[in-house]
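One chain, chain A, links the two complexes that follow: it is found with chain B in the first and with chain C in the second.
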Partner chain A sequence: MRLGGGASFLSTSLLKVLRELCAAAYVGVRIYLRYPMWILSDLITSPLWAVVILLPILLFLPPEAWGSGVVAQNFFWGMVLWYVVSTSLMGIGSAVRSEQQMGTLEQLLLTNANRAVLFTRRLTFELFSLTLNTAYMYVFVQLLFGKPITVENPLPVLLVLAAAMAIAVGFGLIYGTLILWIKNPGALSNILQFVIMGLSGIFYSIRGLPAPLQYISYALPFTYVADLLRHEAMGTPTLLPLHLEYLLVAALAVALNAAGYLAILHVEKRLKRTGKLGVY
Partner chain B sequence: MERVRRLARAALGVYVKEMKIWLRYPTWIFAFIALPYMLSGLFNGIGYSIAGPRAVENFARNTGVSNPFLFYTLGTALLLATEVLLQDVAYSIRSEQLLGTFELHYLAPAPTWLIWILYLFPHSTIMVVVLLATTLPVLAFSGVLSSPIDFLYACSVLALGMLPLLGIALALAALVVRYKEPGAVVSLVQSVVILLSGYFYPLTVFPAWVSALSQVLPTTHVISILRSLLLAGEGVSPLDRRLLTLLALAVAYPVIGLYSYRRWESEARRRGELSKY
Partner chain C sequence: MEEAIVAEGLVKVFYTKERKSLFRSVKRRVEALRGVSFSVRRGEIFGLLGPNGAGKTTTIKILSTLLLPDAGEAWVNGFHVVKEASRVRECIGVSLYSDRGFYWKLTGRENLRYFAYLYQMPRREAEKRINEVLKLVGLENDADRLVEEYSTGMKSKLNFARALLHDPPILFLDEPTIGLDPASARRVRELILEMKRQGKTVLLTTHNMFEAELLCDRVAIINRGRIVAINTPSELKRRVGRNNVVEVEALNIPPSAAEALSSVRGLRRIYTRIRDPASSMGELRLIFEDGVDDLGDVLSAISRAGMKVLSVKIVEPTLEDVFIELTGEKLGES
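So, the complex of A and B:
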């Protein structure tokens, strides 16, 4: 873009962010394809893990109900949502930690690139992995249960999944900022993952939870994503009126991303001032 | 005598170093203690949600155990303990490679395979703490801990079950020395072990050929014996078939593991690939 040309400030900024997104995506893809054994290992281990998670749940049902279509549907969408939560915490949130460990965090923060883009560069291969795993689980669950996985409203399902990823990015940015601040999260990611999965109704509706826990569930953003996804895919009733739940999910996607972005800027500035940016 | 003293010094050095690293990140220890309860809670929560008030009755019918919380807590604790030991040597080597301290181990006055095995002791200490902190409260609360002798017997079975894992760990370590990046292969082996060991379900849910295949894994027998002792309250005779199989595996796996490690290490040395990573 020529200096002093006709481009507006907004379009220049958008172009810059787009370029940064492309560069981040390119890095993400290069890293993903550098380790083909990991891709192969993911493809083999995903169904094995699915069986390991599914069987303990099925043991609560009588054997004649194991082939139920509803269980298969719940399980399939639960696995998809699990990937989304993992992407948020392990993919985006922990990206800061992996940059710290590789010793590239300081170099990244010396650039004038958008901070949110820097920390979401793993998003490309996380998205690729999510798509691959979803397609794979779709076939696997159908083979396992012998029941078709049907989607009642395909377009709204895609819309909800896009919103889920937006929320995952926002949540991941906030979590990533926390890691930037505390340096070593230890096992926090693993603990948080189980807490979110348990309380957000990833595999089941939160209506089955004890009343006090339901209050916590209502405060978690993934609860509404899971609820909407099951509604659009399986026709289950929603927790809130449908239009309100859509509105809430959209608002959460915007608010979490804005909060995450501002938090990164604030923490980076503070760490630079106190000289703790490179301490870990 | 001098050799023993040198080995003891090396063992102490490795122990102190690894324990310092563990204690530097205490949240991991708390996480290991909390995870079995959390995973068990998750399975139970989903189970109640989908099956309603008949969940426990169905569970008892499918597994022969009427306490699903205890069943899954014990299963997860054992899974964590065995998986940490299984991947430990491989990841310790990889971590030394990445830190640039791998070659220094060849200057130590002890064979490298022995040094890598020594890494298991500090990690085992943490795992014992985790296992006790996880299983004792839930066993005591459930009232299934009939006598301290039974508990000691269970601990001995667990210790015996760790010996074959040492062999598998050495074989995985050989892969790291030879092929460097272990993550994908270790993850694959772990997934197969977790699937076939039956930490979270009785193996009778699988077809007969899968159950037969699972008999080559030491963890399958450890879990089966511990369930008999702690969950079903059954005695396990020292001549029990599962115990004898475990004993045989405790001899066979370390021999195979050691052979693989020494062979692949010498191959890497011969090709000049030891320091390439």
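So, the complex of A and C:
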């Protein structure tokens, strides 16, 4: 019988990781489908979130801007990115918490499966939610503003969204590691989501933020993703030269995933030393 | 290598926080293991017998790579548990004591399938093996029910099945029958014996002396993080000696029964087990130095203490007698 290889990221073959990813996805989907309320909740809460976020934005805009195509475009792409950020925090952070609460964490760590993959099982249905929400938003924004959502460069938009997802997964792994360590994050997930959304200029360019806050924005990975997405979808100017921004986004995707993976291994070792691995 | 498991001087210290007030807590040092050493031969059932908090689960968790020792070393199947942890995980099956540890919204079969894939078992082989282990533990008819509908016994069997899934040569079983009804406990014990027949090495923890005597080829008695004796159950019992244990069933056993009987000649230890607190009915277990010279002497001392004798038996020593002999504590006391 062929058993799992080493737990080291470098020695883990791509095929092995893919198999584990499929297994995690299978479990994620099965569990999702057995909670009908989750599906219903996804269907109901998506337009509600849009209203919650849109209302304050519209209140700060002059009434003549309400029917503007630029506002509609900004809002649509902002919502898409917001869902991406939410997918990373909720998808991975919640998965870690749920393994702790169900007592499956120790059992999972008795296998040699890739530690990062183990916490991505909820990503499958979070991706489903992301697709559903994007479709929702597409219809919702067009109905509300009466303006069509256009995409200037469809292929680069897809590329940026893929990079956004990769960055979100890396970011989620780091956040998941935090959950693994501190156990109960309380309201951190929600607050973090709003702070990131505000400081990364997901709904508007960070050039509109006060100067001190802009420094923080430049340090956040989602700032460049939002900027690139707006550029490719709406033709807005970028913060950095285009090729540099693409390079930065690619580097951030790799660095955040590597950092997330190493952080998980570090915290796993630490918890094995303190004996808090099974504590929830 | 004849030894499947070797532990040398394992030490583990935990730090817990004791809350003194809302904002004040005091760090407390708990020495869970204080130099635990033992070895387990291939194909044997080895028991770690001790009360709660003795260090049994900590030992199993270190050996199964879920905990890192503070000092000492251990090898499982020839692999170092810290330096070669992934190799160790390949050759062990672990059943930890818990009624959690499963995905409740998945069926028993789906749970096993997920773990089979994480163990990198090819699909067909996984399905075949899942059916085998489900049949072995007697869950084949309930395999497609959600785990949330399982009883404690069924979850325990599923836990056992998961430990066997990738057909590991070494099994770690933490309190495998705790919380089970007698029939389920019997079935699990049969399974453990079946594993031995298949040539697997089993390390189990228990605080059930009957289970240890029934299953184990050798037993390590562990108390307060130290191993106090290792031997076969019969050799361990020989320490107490045959014809040295008298069991008296009595009524009105006072809390000071041990003091009241301390004058009995040759009596080495005495302990009581109250079965009915209302009538103070229970058993006195008397361990003598070198056989019982005069039962009359014992009975009159019992009567003088106000107890009413229901029966008197000279009995074979149990592992609990051995534990008391070695530690001066009862198995449930530490």
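FYI, the second predicted complex is superposed on the first by the 267 of 280 C-alpha atoms of A that agree within 3 Å, B and C clash if a C-alpha of one lies under 4 Å from a C-alpha of the other, contacts with A are read in each partner's own complex, and residues count from 1 in each chain.
Here is the rule we use: a residue touches a chain if its C-beta (ideal position, glycine included) is under 8 Å from a C-beta of that chain, and two chains touch if they have at least 3 such contacts.
Since this is a predicted model, take the numbers as computed values, not measurements.
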| item | value |
| --- | --- |
| Which of chain B and chain C A:60 touches, first, second, both or neither | first |
| Partner chain in contact with A:41 - chain B first, chain C second, else both or neither | first |
| Partner chain(s) touched by A:198 [first = chain B, second = chain C, both, neither] | first |
| Which superposed partner A:131 touches (first chain B, second chain C, both, neither) | neither |
| First (chain B), second (chain C), both or neither touched by A:22 | second |
| First, second, both or neither for A:209, with chain B first and chain C second | first |
| Which of chain B and chain C A:153 touches, first, second, both or neither | neither |
| Set of chain A residues, in rising order, touched by both chain B and chain C | 35 |
| Residues of chain A defined as touching chain B within the complex | 35, 37-38, 40-41, 44-45, 48-49, 51-52, 55-57, 59-63, 71, 74, 184-188, 190-191, 194-195, 197-198, 203-205, 208-209 |
| Chain A contact footprint on chain B (complex, rising order) | 25-28, 30-32, 34-35, 38-39, 41-43, 45-51, 54-56, 58-59, 61-63, 68, 72, 181, 183-185, 187-188, 191-192, 194-195, 199-201, 205 |
| Residues on chain C engaged by chain A in the complex (per definition of touch) | 12, 14-15, 32, 58, 61, 64-68, 70, 85-87, 89-92, 94, 96, 98, 100-106, 110, 113-115, 117-122, 125, 146, 162, 166-167 |
| Residue numbers on chain A that touch chain C, as the complex places them | 1-8, 16, 19-20, 22-23, 26-27, 30-31, 34-35, 102-104, 106-113, 118, 269, 272-275, 277-278 |
